[in-house]
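Next up: some structures, all given as structure tokens.
Across the two complexes that follow, subunit A remains constant while its partner is subunit B and subsequently subunit C.
Up next is the complex of A and B:
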């Protein structure tokens, strides 16, 4: 299982194992990573699982579809070039992401 | 007693109860927390039950709200499969008893008992093959019937009814939806949105009938049909989605004021000023933008459980927190995505945006000239724009709102002084 590092807005790191096939959002919520809300459970309905990707294998960053791109306009902290919704990422290799100051 | 050390008993282990327990720990509570749930399952997400999970597209563990390790790490005791049947407050501390005889001494009590699906009050409503859809066991039963399902009748044209109808249609069943009102989704959204979804479901091959009053369900032991006055429809499955009834029995036994749910104040406190209630069971001061002073509402949504749980956790810790979010709702009906921000009223002024290029529909609602809500069908960017604008106290000028040549987010005006 790849280890994903979540760096919170205050700089605190938290590492979690992401089971193969599970999304970053699901894993983060189930294991209680602060800074990821994921209100809609991965239905691409809420934009509360926003992350800034710090480091990742390009193969773990599939091209963004239109829906994700549109939802990212509504994140609580404004999107940047490295923004993704973590419900759309299913990493197979180690990854490092930063969570925004707030999701709501 | 230091409120951070108090033993908090949460009755109900679905979204609201779980969020309350989570929020308590996030806000610094370190005393014992016990979460008691009547169902024989670890706490799980309800929304997928009428969508992906019903079609076998979501795995069992993927619908869990939190991992087992999470509960252990946070030192939250979870008791599934037990129903709290009475709370004795004659002792200090008070003691709750479950149907299995477990006794739980506690300092504070939170009711997160939710709601149960309303049964269809007609003859034959309890025949085999007539299903309500509220919990995982209902969804499991429905899933088992899918392989040999030919013709399903769904009673109720609300969120659950339409989600299930779309799912059953997707597996190839003939599906009839019966709605007693003259339009769909009367409780949830405006007429344009309802008409859009009606057209889409009919185009998908679902036979949606409005103004259809079911008078009886027919069959010997198993349901075989639905009677509508003189009319009769054959069915080998009937799914009923006609709303819910808040589960207030325990609250009533404690003498708490109940009126369409447990009546609570802005701090989630019930009428005794001590017990708290959160989630679908709580009848609270209306928290949506533009709500009239003194109006009340019972919100059935995941977003409300997060916001209200944060409020209730603060109250338990002796602090005050204003309802932090804007109520919002979503309903994925087959390929159609309905998203709602805020709570609209029938007499709000409506501005409709239809984007012919992308096929989305947005209705913006204005009350006293102020943007208060929006419904979107397949327009996620517009939904998040309105949700964010409402949260920021921003608005979208009504006279420009119908201009689909401009992305909605470019029309948002921040409040003066922001």
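Up next is the complex of A and C:
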């Protein structure tokens, strides 16, 4: 299981094991990682699992589909080049992401 | 429609009455505590009331399918069915009761209209609609019922603006058809009561078919126009005409019905918790939080169905394949394991948005952000323009028609 590091806006790190095939959002919600809400449960309907990717294997960053791209225009903290919705990421190797100051 | 009084006998499934909506919350609390998963022999449903369980069932669409979500609770009479058949009524569900991969394909197409950028562009129109409507309310003077004058109007105007539909039908037609759809699907109707509703459903479905036909003819710059164009320009995954009409059937109901209820409930709750109304008046930036709390405390849809496609389990209780499950979001939203002091209405509640009013998972309400956006604007403007607003009736006299799922106030009379 790859280890994913979530760095909160205040700089606190939290490491979690992401089971194969599970999304970053699912895992974060299950483990209670602060900074990820995921209120829709992965339907690309809420944009509350926004992360900034700090470091990742390119193979773990699938091309963004149109709906993810559209939803990223509705995040609480403005999107940046490295923005993703973590419900769309299913990492197989270690990854490091930063969570925004707020998701609402 | 009739309304059922507040249940008093607690021996029968904790006083839970499947169709009574006046005040289901005391029974919900007892269910969560004493019978969190039980088989209700009156309806045939397995009833689930705790937060974690409700969310888990929503999340497991492979075991718990939504295919029964739009099935009429009260079987249609032969006479009503005849009216529907004669009228060419073939609609069932746009999205909510469809399954992957068809659901995925249709939802993807419909999602094109429900993007944050479109909502942003729509905001000034919503603000203008709110101001116009409130001006009319003020001109009429109190006491006035906010349902026909405000909460019925705004969401229909919003969804029509979003869809770019310039229709001849009035807000009243849409509301009449939606009331009929709601009553025919989740209501507790007598045989005679079904007939006029069946006639309304025929008209409603015909209006959806007409929208598709008109889009073929006029090629409008609208969601329906886009979906029709995709049939030739991007045929892979494109929706056929019946599917496009079904999307209209879905959005022209779900796109306003539950928002009308939300607005009515939000105003009703704020005015019966005066300190919370005063907070909002003093700080209009609390409007989005007030909407989340209204959704938690009094969701427009208090219960929703699923069907076990295989043997499942909820909180250790075996749910056999073929069973129908009723998820009580109204109960889950007041689960003390999730929400501190859950019976307190607090517009500043930090985790209010964890409510399950919009469901969870692949069928999560497509319009959730639209509903929140327009409702927050409505509350903000209402508080700013009418700080002295108060209910014109005893809140306990406000009626909620019998329904398995919908908990909608029939009137919200106010004065100032």
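One rule holds in what follows: the second predicted complex is superposed on the first by the 104 of 104 C-alpha atoms of A that agree within 3 Å, B and C clash if a C-alpha of one lies under 4 Å from a C-alpha of the other, contacts with A are read in each partner's own complex, and residues count from 1 in each chain.
Convention: a residue touches a chain if its C-beta (ideal position, glycine included) is under 8 Å from a C-beta of that chain, and two chains touch if they have at least 3 such contacts.
Since we're looking at a predicted model, the values are computed, not measured.
Contacts of A:37 after superposition: both subunit B and subunit C are touched.
Of the two partner chains, subunit B and subunit C are each touched by A:104. After overlaying the two complexes on the shared chain, residue contacts for A:45 are found with subunit B and with subunit C alike. In the superposition on chain A, contact of A:71 is made with both subunit B and subunit C.
More residues of subunit A are in touch with B than with the other of subunit B and subunit C.
Annotation: subunit A residues 37, 39-41, 43-47, 67, 70-71, 73-74, 104 touch subunit B in one complex and subunit C in the other. Taken in their complex, subunit A has these residues touching subunit B: 22, 26, 29-32, 34, 37, 39-41, 43-47, 67, 70-71, 73-76, 104. Those residues of subunit B lying in contact with subunit A across their complex are 22, 26, 45, 47-48, 51, 62-67, 69-70, 73-74, 302-303, 306, 324-325, 328, 330, 332, 337, 339, 380-381, 383-385, 387-388, 391, 409. Residue ranges on subunit C touching subunit A, taken from their complex, read 55, 58-59, 108, 111, 114-117, 119-120, 353-354, 358, 360-366, 368-369.
Those residues of subunit A that touch subunit C in the complex are listed here as 37, 39-47, 67, 70-71, 73-74, 104.
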